[in-house]
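Look for chain A in each of the two complexes below; its partner is chain B in the first and chain C in the second.
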Partner chain A sequence: MSVWRGPFGVTWRQCMRASALPTAAAALLAAVGHAWDAPVLAGDGAAAAAATPWLTLPLFVAAVGCCLVAARTWPTFVRGQEGADAVRRIARGPLGGRGAVAAGALTAQLTLSLPLALALAGWFGAPPEAQRHVEAEGPATPIVDSVGAQLLFVVRPSLRAQSVWLRPRASLPQGPDPTQLSLTSGGVELTDAPISFEESRELVKVPFAPRELAALQVTQTAGHVPLLFGPGSVVVVGAAPLPRWGNAALLTLYAAATSVGTLILAAALGLGAGWSTVAAAVVAAQFVQWIGGIGPVDEALLDVLRGRWLL
Partner chain B sequence: MAAAISAQQLAVTFPGRGWRPSVAALKPLDLELEPGHVLGVLGPNGSGKTTLLRVLAGLQAPTSGAVQVLGHAPAHRELVRRVSYQCEGPLPLATLSAPEYLAFVGAELGLPNAVSDERAAALLARLELEPARRRRIHTFSTGMCKRLALAAALLAEPEVLLLDEPTSGLDPFGTATVMEILRERADGGAAVLMASHHLLEVEESCDEVLVLHNGAVHARGDLEELLATDEHALVVRGLDDDAMRELGAAARDRGGEVVRVERPRDHLFALFRRLGRDRGDEERRR
Partner chain C sequence: MSTLRATCTLALSAAALAVLPPSAAPARELASWFVRPARLPFAWQALEAAQDSGDGREAFARGQQILDLLPSWTLGHAAFAYRYVLTQDVRDGDVAAQAHQRLLVALAWLEQAREHAGERDYELLHSAAFLPRTACRQFDGLEALLPPGGAAAMADAYFAEAERRFPDPAIEEQRLFHFPTLAAALLDAGRQQAAIDVLQDAAERAGRARDQELASEWLRRVEEVLGWLSGDTTIDLSAVRDDPRFAALLPHLR
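Right, the complex of A and B next:
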């Protein structure tokens, strides 16, 4: 007996037959769309890649296609489909083959998505290496508003870091000078270069020699601009890079995760609903995740294009 | 010999919903089928034939009564391979080819790949589906689908065959082949229960019949006994018109009645069968 002959293999082959062409067409459209209207931003090149919306399209089409094919192929997945009796009687396992069908559809989605994610992430300009980004956790009142004020941030989990990105909100200045900060960890100053802020949401990247970082102390050394370090305003960037292909491969797992939830929903609905209802639910469930930003995949796409580790 | 199928007071009622009344699809019936026998289930549409088959296949729970197939409850997992059910209607997975479909069925039944492939090849050849092995099922004619469904039912060499309209949509050659195969399986010890509308087929191939009407048993028993009458008929051929007149007069003198005098001719079915035999002989000669 081989899994390729059973519902897993049958669904995988059917997904490939039915979804490969639409997915390839969507990928072509995405590549053309990006070439036609590639975003150009001043400064950081990685940010330009993050501004392109086109990577979503082919991965979305692959996800929707494979889920629809799974629900349509297996006669007992949706109520009232032809040949259900013939399959219901011989199907194995407590889920009557639905588990194997879902696994086949997810594997097909991975097969279709992986090369596209690898190729298009490079084509759209994602950085060749991804770094781990960890948001540092600050105190309850994360404000520095006078010289000598200090804030302690915890880096959890600790990591070997090579830079810190600071992006605080600025309040009304109380004097003419921009605020200057120093960064220390374990009593050691991370950089000699001045760290200065005079506008709100100004991003300052502070590079330093790679070192293990578990906590971070921010101290105001001069200036008159009060700064608020809210959530996400202190990000520690790791030193160990992950190649772009590894990050893109992780993205396809995130993409498959959207289909896991969708297929569970489809199977539950299919117990009582017909094909058209289930198909509409599948498309809607994928749409809100990919386009509506519900769930992790939307953020994961951005992270790949920004060069951030997905782990 | 233990019965392959045994049912006592088996009944199925589909409950009503809202304003719809409940439906007694099968009224209490008793049933026994021995291995090696072919039972034909006859009856008009809606008489309960398919419901009976679905109960025996473990796809429909009976509302009351007891039923056993090969000594187990019909839904017992062990019966999946030992009992085959060919349901009416379209085949699933219609985008597969016939060999792919049989490979799928074999895998689900837990047959080793080599065994499954060997049997599938033999069945496809026997049921004349070999030339269509590369075509997808959705391009098949109704008759081809029926033959493939039968191949799938025979793949595991089951001890009990439950067949719902196995020959509907088949041409006379296909019908003859299917009935021949079923008879062979029965001679090999399998119990065959076949629902059909085709009276001639049932008469030619079945040992027993069960006639259902509105879910109740209308008639049942051994076919020879059911069809037997107290009267006798004399069938003659080869006499000229004068001799026929004399024979008719003699019958009337003795209180008999001449019901019909006709020129002998074949039935279409026999004609097709003969043509099929001739075609087979020709192919063998080639």
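Right, the complex of A and C next:
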């Protein structure tokens, strides 16, 4: 039996037949919805990251559609399906063909999602070039609260960087002036532009000429606002431009990963439960991952639209 | 009988459509009742993510998505507009020009929100009135990019609109006590006659203030300034100099 005529091929074809139209409709709705919902912003460029609901919609429909079709198509996937006994006699492996069915569904999902992710990421204004973002690791007590206080951050892995994003938490001010910082690496000051903070979680992007960065030193030069640099408050942005299409392709792998877990759950449930229970479990499992933000896909969607490299 | 019923139904439906043609606004409002509870929790989550790891543009865009679902929440509009204008993620380049762009967008957005504000329109007008001055205090060079009269003239336009829409003594007084700041801004722009006109208007309006004792004392200060600006430099301005409400005018009274 060739792969194309076996459970893999049957499931792939069935998934494409059943899910292509709803996915295309969702993509169309997303494109129209985004155009209607586009925010008003100053200057060039869009806040593409705000379009995550619209990018989620078609990819979510493709994921749910393919998982449901997979569970429905193969007779042994859920209990009480017609033709299950005959299939059990033919497919004698430990998984009873479920592995090939899951692979067919995942391949169909990738086939549907890839062009959509590539096209919609561009349509929604994701930056044409993604950059690597690395969180710098700070010391055990990452606080600057007096002039001259210094913190050393390690950038692991080191990279050729073009900017640093600082977002510390601010404590109650001890005086009238905002805190001023200087940023050095290997004894070289990274920028002449003022870096000052007076609010908690205030973001300051510090661009500089691209250079190799393995460590960063933050020094308080003036001011009265104590600052706490917790995890994620110092992010180094790489200089190397990485293609948006590569990021969108990686996103479809993240999207397929949601279906791997879902199909394993569905197959396990299907050993003792009927179609409606398994279908409800599939929809719920996909919902909590895509919409509820459990798992990496939610963050991956944001990263693609923000122009952050996924790997 | 059934044919008659169907004919009547069609005729009455057609008449209803003719009398009350359907418009997009009620349909949109109805749709938003269903969308709101499903969308809002995730929209708030997304806003939190934007504030946590995104930038100012993303946070404002997320804020707009939330307020599209809550169009009559005027203070929400004001809060997001202020945050957007006053957030400067990148501190190099032409910061004032970038702040100016954001200010124009935020004011246009507040103006658009007035459509749904109803009786709370004055909250948007007051927010818009104070926004340019707040932004000018934060960003050096922004005042120079504003039209003649600067932030004070922009504020006065919003106060005037608030006064027109809501004829209320408190709103009138707010504009009245803003006049010295507006006059100072006009003097900054070299428009002395316009500044004198503004102060004369202030003098005429002072009689309408609720606290007459306060108003008459304030009127004396205005008249002293008016006299000085009209060329009488022998006037004693010590009371004006001691009054913080006239602080903006002091550079022009030397």
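Heads up, the rule we're going with is that the second predicted complex is superposed on the first by the 295 of 311 C-alpha atoms of A that agree within 3 Å, B and C clash if a C-alpha of one lies under 4 Å from a C-alpha of the other, contacts with A are read in each partner's own complex, and residues count from 1 in each chain.
By our rule, contacts are C-beta pairs under 8 Å (C-beta built on N, C-alpha and C of every residue); 3 or more make two chains touch, one makes a residue touch a chain.
It should be emphasised that the depicted structure is a prediction, and the values quoted were computed from it without experimental measurement.
K.L.:
Would you check which partner chain A:Val87 touches, where first means chain B only, second means chain C only, and both and neither mean what they say?
P.N.:
First partner only, chain B.
K.L.:
Would you check which partner chain A:Gly293 touches, where first means chain B only, second means chain C only, and both and neither mean what they say?
P.N.:
Only chain C is touched by A:Gly293; chain B is not.
K.L.:
In the overlay, work out which of chain B or chain C sits against more residues of chain A.
P.N.:
C
K.L.:
Is A:Ala103 touching anything from chain B or chain C once the two structures are fitted on A? First, second, both or neither.
P.N.:
Neither chain B nor chain C is touched by A:Ala103.
K.L.:
With both complexes overlaid on chain A, does A:Leu265 touch chain B (first), chain C (second), both or neither?
P.N.:
Touch status of A:Leu265: no partner.
K.L.:
Figure out whether A:Ala214 sits in contact with chain B (first) or chain C (second), or with both, or with neither.
P.N.:
Touch status of A:Ala214: no partner.
K.L.:
Which of the two partners, first being chain B and second being chain C, lies in contact with A:Ala149: first, second, both, or neither?
P.N.:
neither
K.L.:
Given the complex with chain A, which residues does chain C contribute to the contact?
P.N.:
Chain C residues touching chain A: 39, 42, 45-46, 49-58, 60-62, 64-65, 68, 87, 89-92, 98, 101-102, 104-105, 108-109.
K.L.:
Which positions of chain A touch chain B when the two form their complex?
P.N.:
Per the stated touch rule, the residues are 1-2, 5-7, 10, 14, 17, 73, 75, 81-92, 97.
K.L.:
Which bits of chain B are touching chain A when the two form their complex?
P.N.:
54, 57-59, 80, 85, 87, 89-96, 100, 103-113, 116, 149, 152
K.L.:
Mind listing the chain A positions that touch chain C in their complex?
P.N.:
These residues of chain A touch chain C: 37, 39-43, 45-47, 49-50, 52-53, 191, 193-196, 201-207, 232, 291, 293, 302, 306.
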